[in-house]
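Look at the two complexes coming up: chain A is in both, with chain B in one and chain C in the other.
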Partner chain A sequence: MTDTFKVTVTDIQTVASSIKEFTLSPVEGQLIPFSAGSHIVVEMPTEEKTYKNAYSLLSQPDDPSHYKIAVRLQDNSRGGSVYMHTQVKVGDSLTISAPANRFAPLWQAKKHILIAGGIGITPFLSYLPEFERRGEDYELHYLYRGGQTGAYCNELSEQLGDRLFCYDSATSPRCNIENLMSQRAPGTHFYICGPEKLIEAVMTTAKQLGIAAGYIHFEEFAAPKPGNAFELELKSSGRLLNVSEEESMLEAIEKSGIEIPNLCRGGVCGQCVCRVSQGKIDHRDTFLTEQERSSGDVIMPCVSRAAGERLTLDI
Partner chain B sequence: MNIAINKIQTFRDDFTYSNSPEAIARFPFPFTDDEYKYTVNMEPHQPKDGENSVYARFFDIDEHYLSEMKERSLVLAEMPKRCLVMPHMELACWDMIEKIMTSLAAQYPQHFSLTQDGDNWCWENKLLNIKDSFVFGDSSTLPKPPMEYIGRQIQGDFALLDQRDDDLFLDAGIVTCPADWSLMFDAGMSFSEWHGPVPMAPSQNIFERALKYLVAIPVGRPVRRLNWTLTVNARMDTASETYHKWGHERSEVNAENVAEKVHLRVELQVIDRMPRSNALMFSIRTYLISLADISTNPQWAQRMHRVIKTLPPALIEYKGFARYHQHVVDYLAQFDESAAGD
Partner chain C sequence: MQDESIKSVSSRPVYPPVEININAAYHLFITEPSASSKVGNLLQQTAAKTHQLIESDNIEELKLQLTELIGTLPLATSVYLAGRETYMWQVYAVLAELGFIKEQIEMLTPTDNSRTVFCCHCYTQTHQVAAAPFECEGCGLPLTVTDHFSKRLGSYFGFQVNAEAKDELPAAEAF
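Moving on to the complex of A and B:
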């Protein structure tokens, strides 16, 4: 379980038509410095439940006076981004987790090639100051939909000059992933943050070009996707819960007052793993090994769901 | 606690190292059961067992401070590569400086002080008569490279583990009192590579689980565990590369000298996530106590007898005391009521 802190929203800026940037300042003292690529989890209490969404930190990593996050209003939002866009006002207080990092740059890389899709620009914004400080060789390729998601374009172009490559799907030619990835010097690492489709495209191209998986790094905030509603039995505590279509098992368990350790809430960190004593599982995480998946006796309740109508956990 | 720091004692040659009754009372005795079991035994690194315990503060400074700092400088003078830092670990070294200086200044204000004015820091170590002003993050403003500078002022070995692709790499360290391992040999290795030689772990699975656990350790939630072995003489530096200096001492143990010569060597290992670099700081604080001093606590002596006696042979071999295992068991038997006739 990670520590949580209260912060005050001290500024809100619209940085693209569907993206708002929030400045979060400590209620007292200073915030913790963070490493390039870190995220925090923001708690959003609503009447029916508390959303907890992970957002990349995009402020200066060594500046403990404030954090910045950017939130895109999602088309199929489960509520978190709607809450941030419509409910949160300057002066409000929010609870956030300590920063954690699942997407740090590899500092032995000879060159870093960053590929951002839309709101996926955010983790890279904390890479840039650290790249500059260390004198790293890098390029940033930024794909976005003109007007809607092209946040920070002007600032980036001023700061990066010819290291920045912008691809506005409304006005400029599409990004040719193959050209971008081919004929790179040995030791070049690729980082992708963006929609699943972009990650897939890069992975496929890497395979075709014979680039080893160890050179490709991606961050996908797989926010839990909705699914069928099901009954959840908690064996040790003898409770029976209903997990609705829109909510994750982890959220349902927390709502019932039971805390389980968790960090990323996106199926990657492995903290919330639970034992399953009965029921078929729809695995949606990227943490468990193939062997663990097929054993059918463990589940990551932050993203995975029951494949049937009922699941029994050993908690 | 107001610790009295001993005058300099030695961990080599004439071995003048000794534990005061206070140091014996606070020794981190590692055995919680009468029978040996392989466990990872992690717990949160929170204060416990009162003001005088080795767990009372983030870093434990005790009566051996000056002796251990002297020993460290002797080792580094002979083998400068006991401190190794890969270039990409510099920020992690500054994380380490920040953690050590802020903790020591807050928890031992009688010995250490730190003033911070933005990035302009001033550090005073009254025990070693050090006072330096420097710019935080700018290694050129320190009299020595950051890891060596701070490593020469704190007891225990330190390793900084870089985290990449869900694995950990031993990419920096200052290691002058290791229990038969070598920083030079392990540098750059991944977690599974440097755990290669551990026998008796229930399965390889335990390391996979441990790794998954370690990479998920969040900022502000340090954990600790104890590890132990036996060492002949109060020798801090039992590094693999100096084996020729200490390996033969294992054949010098006999029934007459076992109580004074054989030491229980306990490592208090603390693992803490570094915020600026995302590295894990792995500190290994080593405590040595002779069997004679252990026997001043009859409960400890009895328990240790039972553990050592039931230790699986593969582990006795791995921990390196097969040659004198029986002497230890025989000596400790006198403190075990149920061991009549051993």
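Moving on to the complex of A and C:
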């Protein structure tokens, strides 16, 4: 299991109407430095269950005195962001995982083009100090909805000057992805963090322009989507668990007291992969290969579900 | 819980048939002078598109030439390489240094079976090795050649054959 440790919430700022920024300080000693693009998993114990959500770290990677995360109140929240917005107060203590990174910059790149949609700005905030330190060539394109999700605009514009391109959907023209991606030299890499639609738009444009997929890097918001309830059998013990509509398989397994190694909890990292011995799978991850998916004998329980009423895991 | 089935330990590259990437905005062919005919067919297919053929067997000169050229190339450039295996990987290294990624670089079937071999005892690379065991150009030891391939060096890993019984040398076999 990954290490967890306790932190104290030492500051909460409302940085846009639907986004709060939390400063987390160590209860004792210092936190560990992290690499640009890292995230932590925050545990949120409620009466019904413990939510575990991954949030990008947006503080200075080399500053061990505190971490900062920003949480957007999601429209269809499963409870995590509501908890952070309404339950957590300054002085509270929280349990967090050690930082992990699924979205590090590629240091071989000749130029980095960062494309952020709303709260998707967060992982890039830890890229910037590292880019400055290394003298990297980069641009930040920031798409947001005026007032609601456009946190950090002013301070970014001061810091970045003409490397920053802001697109406020309320006041300015939409970002033209094709213009943004054409006329680029070999070695230019694109990083996207934001809603699926934005990621798809960039991928489609890349294809049209003939840009190799290896130049496109993205981090999807890691949150399992609800689905139908189903019965889960654990082969080794014969135990039966019920996975409810709002709950992921991984959460149901954890609730029963069984621990499975996991990191991102969003179908990206591959840590929690399990063998399936019976039942059809509704694959929702981005980790497994097409071959593995169609084989039907492996699943990422953090996001994927049973396609039918019952699934048997070989654990 | 990770499934760690290792299907093969060989790092020997495979060279599937090369096709023109029709989506690319620019097609760049780089070949050893003796291998330029190998890309004839592909060149024909790109006749109507923006393309260029560079024939060179001097990696240092090629490096300078490509460094100058890269500023004029689009991101959607496809590169096609032809020549001996070691040559293609040397050009690959130059391209990677300039920012190209693997997906953009296609390699044709190497023009011969010869290998460049990296000696793990003296770190010398011996070129155009056709059979093993062979005598290392650096330290003179008889080396056997593995399928372990370094993409960075364009070389196969070689080590002393039968080191425990030095007098019993197996007969050389062609690759």
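Couple of notes before you dig in:
The definition used in the following text is that the second predicted complex is superposed on the first by the 314 of 315 C-alpha atoms of A that agree within 3 Å, B and C clash if a C-alpha of one lies under 4 Å from a C-alpha of the other, contacts with A are read in each partner's own complex, and residues count from 1 in each chain.
Methods note: a residue touches a chain if its C-beta (ideal position, glycine included) is under 8 Å from a C-beta of that chain, and two chains touch if they have at least 3 such contacts.
As the structure is a computational prediction, the values presented were derived from the model and not from experiment.
Three-chain overlay on chain A, with chain B and chain C in a clash. By the document's definition of touching, neither partner reaches A:L160: not chain B, not chain C. In the superposed model, A:I32 lies in contact with chain B only, and not with chain C.
Of the two partner chains placed by superposition, A:A229 touches none, neither chain B nor chain C. Of the two partner chains, both chain B and chain C are touched by A:Q108. Of the two partner chains placed by the overlay, only chain C lies in contact with A:G187; chain B stays clear of it. Contacts of A:G214 after superposition: both chain B and chain C are touched. Using the contact criterion defined above for the overlaid structures, shared-chain residue A:D3 touches chain B, although it does not reach chain C.
In the superposition on chain A, contact is made by A:V298 with chain C only, not with chain B.
With the complexes overlaid on chain A C-alpha atoms, the stretch of chain B that clashes with chain C is 239-247, out of 59-67, 95-103 or 239-247. Residues 108, 214, 270-271 of chain A lie at the contact with chain B in one complex and at the contact with chain C in the other.
Listing the residues of chain B that touch chain A in their complex gives 88, 91, 137, 162-165, 212, 216, 218-221, 274-278. If you check the complex, the residues on chain A that touch chain B are 1-3, 32-35, 37-38, 61-62, 97-101, 104, 106-108, 130, 214, 217, 263, 269-271, 287. On chain A, the positions that touch chain C within their shared complex are 108-110, 181, 183-188, 207, 209-215, 260-261, 270-275, 298, 315.
If you check the complex, the residues on chain C that touch chain A are 1-3, 21, 23-25, 70-71, 73-78, 96, 98-104.
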